[in-house]
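Encoded as C-alpha coordinates, the structure appears first; notes follow it.
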Amino acid sequence: MPLIQVTMLQGRTIDQKRKIATRITDTMVEEAGARREAIVVTFIEVSKESYASGGELMIDKAK
Amino acid sequence: MPLIQVTMLQGRTIDQKRKIATRITDTMVEEAGARREAIVVTFIEVSKESYASGGELMIDKAK
Amino acid sequence: MPLIQVTMLQGRTIDQKRKIATRITDTMVEEAGARREAIVVTFIEVSKESYASGGELMIDKAK
Amino acid sequence: MPLIQVTMLQGRTIDQKRKIATRITDTMVEEAGARREAIVVTFIEVSKESYASGGELMIDKAK
Amino acid sequence: MPLIQVTMLQGRTIDQKRKIATRITDTMVEEAGARREAIVVTFIEVSKESYASGGELMIDKAK
Amino acid sequence: MPLIQVTMLQGRTIDQKRKIATRITDTMVEEAGARREAIVVTFIEVSKESYASGGELMIDKAK
(Lines give C-alpha, C1' and ligand atoms only; values in the text may rest on other atoms or scores of the structure.)
Protein backbone atom coordinates (compact mmCIF):
# COMPACT_ATOMS: atom_id res chain seq x y z
CA MET A 1 0.00 0.00 0.00
CA PRO A 2 2.80 2.47 0.40
CA LEU A 3 3.00 5.18 -2.23
CA ILE A 4 6.39 6.69 -2.77
CA GLN A 5 6.68 9.91 -4.75
CA VAL A 6 10.18 10.95 -5.79
CA THR A 7 10.56 14.58 -6.85
CA MET A 8 13.91 15.20 -8.53
CA LEU A 9 15.64 17.12 -11.28
CA GLN A 10 15.18 15.90 -14.84
CA GLY A 11 17.91 13.95 -16.49
CA ARG A 12 18.07 10.58 -14.84
CA THR A 13 18.05 7.67 -17.28
CA ILE A 14 15.45 4.95 -17.43
CA ASP A 15 17.97 2.58 -15.98
CA GLN A 16 18.53 4.83 -12.99
CA LYS A 17 14.79 5.05 -12.39
CA ARG A 18 14.52 1.28 -12.73
CA LYS A 19 17.12 0.73 -10.06
CA ILE A 20 15.68 3.37 -7.75
CA ALA A 21 12.17 1.92 -8.07
CA THR A 22 13.41 -1.57 -7.35
CA ARG A 23 15.50 -0.62 -4.35
CA ILE A 24 12.80 1.58 -2.79
CA THR A 25 10.29 -1.23 -3.28
CA ASP A 26 12.67 -3.74 -1.72
CA THR A 27 13.11 -1.37 1.21
CA MET A 28 9.38 -1.06 1.82
CA VAL A 29 8.91 -4.83 1.63
CA GLU A 30 11.81 -5.60 3.94
CA GLU A 31 11.51 -2.77 6.47
CA ALA A 32 7.79 -1.95 6.48
CA GLY A 33 6.36 -5.37 5.77
CA ALA A 34 4.49 -4.07 2.76
CA ARG A 35 3.14 -6.34 0.07
CA ARG A 36 5.34 -5.95 -3.03
CA GLU A 37 2.48 -5.77 -5.55
CA ALA A 38 0.85 -2.96 -3.59
CA ILE A 39 3.83 -0.60 -3.64
CA VAL A 40 3.80 2.26 -6.12
CA VAL A 41 6.75 4.50 -6.92
CA THR A 42 6.29 7.61 -9.07
CA PHE A 43 8.86 10.07 -10.32
CA ILE A 44 8.00 13.73 -10.66
CA GLU A 45 10.78 15.34 -12.64
CA VAL A 46 11.27 19.08 -12.55
CA SER A 47 13.53 21.33 -14.57
CA LYS A 48 16.32 23.44 -13.09
CA GLU A 49 14.09 26.46 -13.30
CA SER A 50 11.39 24.75 -11.24
CA TYR A 51 13.47 23.76 -8.26
CA ALA A 52 14.94 26.14 -5.69
CA SER A 53 16.87 25.57 -2.52
CA GLY A 54 17.93 28.32 -0.16
CA GLY A 55 15.75 30.67 -2.19
CA GLU A 56 17.75 30.21 -5.38
CA LEU A 57 16.66 28.36 -8.53
CA MET A 58 18.94 25.52 -9.61
CA ILE A 59 19.35 27.24 -12.95
CA ASP A 60 20.94 30.19 -11.17
CA LYS A 61 23.20 28.04 -9.04
CA ALA A 62 24.52 26.39 -12.15
CA LYS A 63 25.88 29.69 -13.38
CA MET B 1 -12.17 23.56 -0.53
CA PRO B 2 -11.20 20.03 -1.32
CA LEU B 3 -8.16 19.61 -3.55
CA ILE B 4 -8.02 16.44 -5.57
CA GLN B 5 -4.79 15.46 -7.25
CA VAL B 6 -4.96 12.65 -9.78
CA THR B 7 -1.62 11.04 -10.68
CA MET B 8 -1.95 8.79 -13.72
CA LEU B 9 -0.17 7.61 -16.83
CA GLN B 10 -0.06 9.97 -19.80
CA GLY B 11 -2.38 9.45 -22.69
CA ARG B 12 -5.87 10.30 -21.53
CA THR B 13 -7.76 12.66 -23.84
CA ILE B 14 -9.06 16.07 -22.88
CA ASP B 15 -12.55 14.64 -22.95
CA GLN B 16 -11.61 11.94 -20.50
CA LYS B 17 -10.12 14.51 -18.14
CA ARG B 18 -13.21 16.66 -18.53
CA LYS B 19 -15.48 13.83 -17.48
CA ILE B 20 -13.23 12.78 -14.62
CA ALA B 21 -13.02 16.35 -13.29
CA THR B 22 -16.78 16.76 -13.47
CA ARG B 23 -17.60 13.48 -11.80
CA ILE B 24 -15.05 13.91 -9.00
CA THR B 25 -16.37 17.42 -8.38
CA ASP B 26 -19.96 16.14 -8.31
CA THR B 27 -18.87 13.50 -5.82
CA MET B 28 -17.30 16.03 -3.47
CA VAL B 29 -20.36 18.26 -3.63
CA GLU B 30 -22.81 15.44 -3.06
CA GLU B 31 -20.91 13.32 -0.54
CA ALA B 32 -18.74 15.82 1.31
CA GLY B 33 -20.98 18.86 1.17
CA ALA B 34 -18.24 20.92 -0.46
CA ARG B 35 -18.95 24.13 -2.33
CA ARG B 36 -18.60 23.43 -6.06
CA GLU B 37 -16.64 26.58 -6.89
CA ALA B 38 -14.08 25.75 -4.21
CA ILE B 39 -13.17 22.30 -5.55
CA VAL B 40 -9.96 21.94 -7.51
CA VAL B 41 -8.94 18.87 -9.50
CA THR B 42 -5.44 18.61 -10.96
CA PHE B 43 -3.95 15.91 -13.16
CA ILE B 44 -0.31 14.97 -12.82
CA GLU B 45 0.57 12.80 -15.79
CA VAL B 46 3.62 10.61 -15.72
CA SER B 47 5.26 8.55 -18.43
CA LYS B 48 5.59 4.77 -18.35
CA GLU B 49 9.18 5.16 -17.28
CA SER B 50 8.18 7.25 -14.29
CA TYR B 51 5.66 4.91 -12.75
CA ALA B 52 6.43 1.61 -11.06
CA SER B 53 4.29 -0.89 -9.23
CA GLY B 54 5.63 -3.96 -7.52
CA GLY B 55 9.11 -2.59 -8.12
CA GLU B 56 8.81 -2.66 -11.89
CA LEU B 57 8.50 0.34 -14.23
CA MET B 58 5.42 0.33 -16.44
CA ILE B 59 7.69 0.52 -19.46
CA ASP B 60 9.15 -2.83 -18.50
CA LYS B 61 5.77 -4.43 -17.85
CA ALA B 62 4.65 -3.37 -21.29
CA LYS B 63 7.37 -5.48 -22.85
CA MET C 1 -2.72 2.68 -11.47
CA PRO C 2 -4.18 6.06 -10.84
CA LEU C 3 -3.47 7.55 -7.44
CA ILE C 4 -5.98 10.04 -6.16
CA GLN C 5 -5.10 12.21 -3.21
CA VAL C 6 -7.93 14.14 -1.62
CA THR C 7 -6.90 17.01 0.67
CA MET C 8 -9.82 18.33 2.68
CA LEU C 9 -10.83 19.73 6.06
CA GLN C 10 -11.18 17.29 8.96
CA GLY C 11 -14.59 16.20 10.05
CA ARG C 12 -15.98 13.94 7.37
CA THR C 13 -17.33 10.64 8.64
CA ILE C 14 -16.06 7.24 7.67
CA ASP C 15 -19.20 6.73 5.67
CA GLN C 16 -18.58 9.90 3.69
CA LYS C 17 -15.04 8.77 2.91
CA ARG C 18 -16.35 5.34 1.95
CA LYS C 19 -18.73 6.84 -0.58
CA ILE C 20 -16.17 9.28 -1.93
CA ALA C 21 -13.58 6.51 -2.39
CA THR C 22 -16.09 4.28 -4.15
CA ARG C 23 -17.37 6.96 -6.51
CA ILE C 24 -13.91 8.27 -7.41
CA THR C 25 -12.78 4.71 -8.08
CA ASP C 26 -15.85 4.07 -10.24
CA THR C 27 -15.08 7.26 -12.14
CA MET C 28 -11.51 6.21 -12.88
CA VAL C 29 -12.63 2.76 -14.02
CA GLU C 30 -15.40 4.05 -16.26
CA GLU C 31 -13.79 7.19 -17.65
CA ALA C 32 -10.08 6.39 -17.66
CA GLY C 33 -10.21 2.68 -18.25
CA ALA C 34 -8.19 2.00 -15.15
CA ARG C 35 -8.10 -1.38 -13.49
CA ARG C 36 -10.18 -1.19 -10.27
CA GLU C 37 -7.72 -3.08 -8.07
CA ALA C 38 -4.93 -0.69 -9.08
CA ILE C 39 -6.68 2.50 -8.01
CA VAL C 40 -5.66 4.08 -4.72
CA VAL C 41 -7.51 6.90 -2.99
CA THR C 42 -5.99 8.62 0.04
CA PHE C 43 -7.44 11.32 2.24
CA ILE C 44 -5.20 13.96 3.76
CA GLU C 45 -7.23 15.80 6.35
CA VAL C 46 -6.14 19.20 7.60
CA SER C 47 -7.46 21.35 10.40
CA LYS C 48 -9.03 24.78 9.93
CA GLU C 49 -5.78 26.37 11.00
CA SER C 50 -3.86 24.52 8.30
CA TYR C 51 -5.93 25.52 5.29
CA ALA C 52 -6.13 29.01 3.81
CA SER C 53 -7.88 30.38 0.78
CA GLY C 54 -7.57 33.95 -0.39
CA GLY C 55 -4.78 34.38 2.14
CA GLU C 56 -7.02 33.71 5.12
CA LEU C 57 -7.00 30.64 7.36
CA MET C 58 -10.31 28.79 7.56
CA ILE C 59 -10.25 29.28 11.33
CA ASP C 60 -10.37 33.03 10.79
CA LYS C 61 -13.14 32.84 8.21
CA ALA C 62 -15.23 30.89 10.65
CA LYS C 63 -15.23 33.80 13.06
CA MET D 1 13.41 21.98 6.42
CA PRO D 2 10.17 23.24 5.00
CA LEU D 3 9.25 21.94 1.56
CA ILE D 4 6.98 24.16 -0.46
CA GLN D 5 5.30 22.75 -3.55
CA VAL D 6 3.61 25.25 -5.85
CA THR D 7 1.14 23.78 -8.34
CA MET D 8 0.14 26.32 -10.99
CA LEU D 9 -0.71 26.74 -14.63
CA GLN D 10 2.12 26.70 -17.14
CA GLY D 11 3.38 29.93 -18.57
CA ARG D 12 5.17 31.79 -15.82
CA THR D 13 8.64 33.04 -16.79
CA ILE D 14 11.86 32.06 -15.11
CA ASP D 15 12.01 35.49 -13.58
CA GLN D 16 8.59 35.08 -12.04
CA LYS D 17 9.60 31.73 -10.57
CA ARG D 18 12.81 33.28 -9.27
CA LYS D 19 10.93 35.99 -7.42
CA ILE D 20 8.31 33.59 -6.08
CA ALA D 21 11.00 31.19 -4.81
CA THR D 22 12.89 34.00 -3.13
CA ARG D 23 9.87 35.54 -1.46
CA ILE D 24 8.47 32.23 -0.22
CA THR D 25 11.89 31.35 1.16
CA ASP D 26 12.17 34.73 2.88
CA THR D 27 8.72 34.16 4.37
CA MET D 28 9.66 30.77 5.80
CA VAL D 29 12.88 32.18 7.28
CA GLU D 30 11.23 35.22 8.80
CA GLU D 31 7.91 33.75 9.96
CA ALA D 32 8.72 30.10 10.67
CA GLY D 33 12.32 30.45 11.81
CA ALA D 34 13.48 27.99 9.19
CA ARG D 35 17.09 27.73 8.11
CA ARG D 36 17.40 29.29 4.65
CA GLU D 37 19.61 26.56 3.16
CA ALA D 38 17.12 23.89 4.21
CA ILE D 39 14.13 25.37 2.40
CA VAL D 40 13.10 23.80 -0.89
CA VAL D 41 10.57 25.28 -3.31
CA THR D 42 9.36 23.24 -6.28
CA PHE D 43 7.03 24.25 -9.09
CA ILE D 44 4.65 21.72 -10.62
CA GLU D 45 3.24 23.26 -13.76
CA VAL D 46 0.08 21.91 -15.32
CA SER D 47 -1.60 22.70 -18.60
CA LYS D 48 -5.08 24.21 -18.91
CA GLU D 49 -6.45 20.78 -19.69
CA SER D 50 -5.04 19.38 -16.46
CA TYR D 51 -6.54 21.86 -14.02
CA ALA D 52 -10.19 22.17 -13.15
CA SER D 53 -12.04 24.31 -10.68
CA GLY D 54 -15.75 24.06 -10.01
CA GLY D 55 -15.75 20.92 -12.13
CA GLU D 56 -14.63 22.70 -15.28
CA LEU D 57 -11.24 22.43 -17.00
CA MET D 58 -9.41 25.74 -17.43
CA ILE D 59 -9.29 25.06 -21.17
CA ASP D 60 -13.09 25.15 -21.23
CA LYS D 61 -13.33 28.29 -19.13
CA ALA D 62 -11.04 30.07 -21.53
CA LYS D 63 -13.51 29.56 -24.31
CA MET E 1 -5.58 28.95 -9.00
CA PRO E 2 -2.19 28.22 -7.56
CA LEU E 3 -2.09 25.60 -4.84
CA ILE E 4 0.72 25.87 -2.35
CA GLN E 5 1.46 22.96 -0.06
CA VAL E 6 3.82 23.62 2.81
CA THR E 7 5.30 20.53 4.48
CA MET E 8 7.04 21.39 7.74
CA LEU E 9 7.72 20.16 11.25
CA GLN E 10 4.92 20.44 13.80
CA GLY E 11 5.01 23.20 16.33
CA ARG E 12 4.32 26.45 14.53
CA THR E 13 1.60 28.57 16.09
CA ILE E 14 -1.62 29.60 14.43
CA ASP E 15 -0.27 33.11 14.16
CA GLN E 16 2.81 31.88 12.31
CA LYS E 17 0.65 29.96 9.87
CA ARG E 18 -1.57 32.99 9.45
CA LYS E 19 1.39 35.16 8.48
CA ILE E 20 2.90 32.53 6.21
CA ALA E 21 -0.42 32.00 4.39
CA THR E 22 -0.89 35.73 3.92
CA ARG E 23 2.61 36.38 2.64
CA ILE E 24 2.65 33.42 0.26
CA THR E 25 -0.74 34.51 -1.08
CA ASP E 26 0.50 38.08 -1.53
CA THR E 27 3.53 36.70 -3.37
CA MET E 28 1.41 34.69 -5.79
CA VAL E 29 -0.85 37.68 -6.47
CA GLU E 30 2.00 40.11 -7.00
CA GLU E 31 4.51 37.92 -8.82
CA ALA E 32 2.34 35.39 -10.67
CA GLY E 33 -0.71 37.53 -11.35
CA ALA E 34 -2.97 35.01 -9.64
CA ARG E 35 -6.44 35.91 -8.42
CA ARG E 36 -6.34 36.17 -4.61
CA GLU E 37 -9.58 34.25 -4.00
CA ALA E 38 -8.31 31.34 -6.06
CA ILE E 39 -5.11 30.77 -4.10
CA VAL E 40 -5.04 27.90 -1.62
CA VAL E 41 -2.31 27.30 0.96
CA THR E 42 -2.24 24.09 2.99
CA PHE E 43 0.08 23.05 5.77
CA ILE E 44 1.10 19.43 6.18
CA GLU E 45 2.77 19.11 9.53
CA VAL E 46 4.98 16.16 10.30
CA SER E 47 6.59 15.02 13.51
CA LYS E 48 10.36 14.80 14.07
CA GLU E 49 10.17 11.07 13.54
CA SER E 50 8.57 11.52 10.13
CA TYR E 51 11.10 13.86 8.58
CA ALA E 52 14.62 12.94 7.57
CA SER E 53 17.37 14.86 5.86
CA GLY E 54 20.68 13.37 4.89
CA GLY E 55 19.25 9.98 5.78
CA GLU E 56 18.72 10.87 9.43
CA LEU E 57 15.40 11.43 11.20
CA MET E 58 15.04 14.83 12.87
CA ILE E 59 14.39 13.04 16.16
CA ASP E 60 17.86 11.55 15.97
CA LYS E 61 19.53 14.83 15.04
CA ALA E 62 17.96 16.44 18.06
CA LYS E 63 19.83 14.10 20.34
CA MET F 1 17.91 17.61 -3.95
CA PRO F 2 15.54 14.72 -4.31
CA LEU F 3 12.45 14.83 -2.12
CA ILE F 4 10.89 11.51 -1.31
CA GLN F 5 7.41 11.43 0.17
CA VAL F 6 6.25 8.11 1.58
CA THR F 7 2.49 7.78 2.14
CA MET F 8 1.64 4.72 4.21
CA LEU F 9 -0.67 3.38 6.86
CA GLN F 10 -0.05 4.42 10.45
CA GLY F 11 1.64 2.04 12.81
CA ARG F 12 5.26 1.73 11.74
CA THR F 13 7.76 2.22 14.56
CA ILE F 14 10.39 4.91 14.72
CA ASP F 15 13.00 2.28 14.06
CA GLN F 16 11.23 1.18 10.88
CA LYS F 17 11.09 4.78 9.67
CA ARG F 18 14.76 5.21 10.55
CA LYS F 19 15.75 2.24 8.41
CA ILE F 20 13.48 3.23 5.55
CA ALA F 21 14.82 6.80 5.51
CA THR F 22 18.41 5.57 5.57
CA ARG F 23 17.96 3.02 2.80
CA ILE F 24 16.01 5.37 0.52
CA THR F 25 18.67 8.02 1.04
CA ASP F 26 21.43 5.52 0.26
CA THR F 27 19.55 4.55 -2.89
CA MET F 28 19.31 8.12 -4.12
CA VAL F 29 23.01 8.73 -3.43
CA GLU F 30 24.15 5.53 -5.11
CA GLU F 31 21.74 5.35 -8.04
CA ALA F 32 20.90 9.00 -8.78
CA GLY F 33 24.17 10.61 -7.79
CA ALA F 34 22.39 12.92 -5.35
CA ARG F 35 24.19 14.71 -2.57
CA ARG F 36 23.31 13.01 0.73
CA GLU F 37 22.75 16.20 2.72
CA ALA F 38 20.26 17.43 0.12
CA ILE F 39 17.96 14.42 0.28
CA VAL F 40 14.73 14.76 2.24
CA VAL F 41 12.43 11.89 3.15
CA THR F 42 9.02 12.58 4.69
CA PHE F 43 6.41 10.14 5.95
CA ILE F 44 2.72 10.93 5.58
CA GLU F 45 0.83 8.43 7.70
CA VAL F 46 -2.84 7.83 7.12
CA SER F 47 -5.37 5.83 9.08
CA LYS F 48 -7.20 2.79 7.72
CA GLU F 49 -10.24 4.93 7.13
CA SER F 50 -8.25 7.33 4.96
CA TYR F 51 -6.79 4.84 2.52
CA ALA F 52 -8.71 2.92 -0.11
CA SER F 53 -7.63 0.55 -2.82
CA GLY F 54 -9.96 -0.94 -5.36
CA GLY F 55 -12.64 1.44 -4.10
CA GLU F 56 -12.67 -0.02 -0.60
CA LEU F 57 -11.35 1.60 2.58
CA MET F 58 -8.69 -0.41 4.42
CA ILE F 59 -10.91 -0.36 7.49
CA ASP F 60 -13.55 -2.28 5.57
CA LYS F 61 -11.08 -4.78 4.15
CA ALA F 62 -9.93 -5.56 7.65
CA LYS F 63 -13.36 -6.76 8.62
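Labels A, B, C, D, E and F are assigned to the chains in the order they are written; within every chain, residues are numbered from 1.
Definition applied: contacts are C-beta pairs under 8 Å (C-beta built on N, C-alpha and C of every residue); 3 or more make two chains touch, one makes a residue touch a chain.
Quantities reported herein were computed from a predicted structural model and do not represent experimental measurements.
Student: In the touch network of chains, how many steps separate chain C from chain D on the shortest route?
Tutor: Minimum number of steps from chain C to chain D: 2.
Student: Can you report the angle of the rotation that maps chain E onto chain F, using C-alpha atoms only, to the nearest 5 degrees?
Tutor: To bring chain E onto chain F, one rotates by 120 degrees.
Student: At the interface of chain A with chain D, does the proportion of residue numbers present on both copies reach over half, so same, or stay under half, so different?
Tutor: different
Student: Once you find the CA centre of chain C and the CA centre of chain E, what distance in Å lies between them?
Tutor: The answer is 19 Å.
Student: In whole angstrom, what separates the CA-based centres of chain A and chain F?
Tutor: Averaging C-alpha atoms per chain gives centres 12 Å apart.
Student: Return the residues of chain C touching two or more other chains; collapse runs of consecutive numbers into ranges.
Tutor: Only 1, 3, 5, 7, 38, 40, 42, 44, 51, 53 qualify.
Student: Every touching chain pair, please?
Tutor: All chain pairs meeting the touch criterion are A-B, A-C, A-D, A-F, B-C, B-D, B-E, C-E, C-F, D-E, D-F, E-F.
Student: In the complex of these two chains, what residues of chain A are touching chain B?
Tutor: Answer in residue numbers: 5, 14, 17-18, 21-22, 25-26, 36-45.
Student: Which residues of chain E touch chain F in their complex?
Tutor: By the definition above, chain E touches chain F via 7, 44, 46, 49-57, 59-60.
Student: Okay, in this complex, where on chain F does chain D touch?
Tutor: 1, 3, 40, 42
Student: What part of chain A is in contact with chain F in the complex they form?
Tutor: These residues of chain A touch chain F: 1-9, 12, 16, 19-20, 23-24, 27-28, 31-32, 34, 38, 51, 53, 58.
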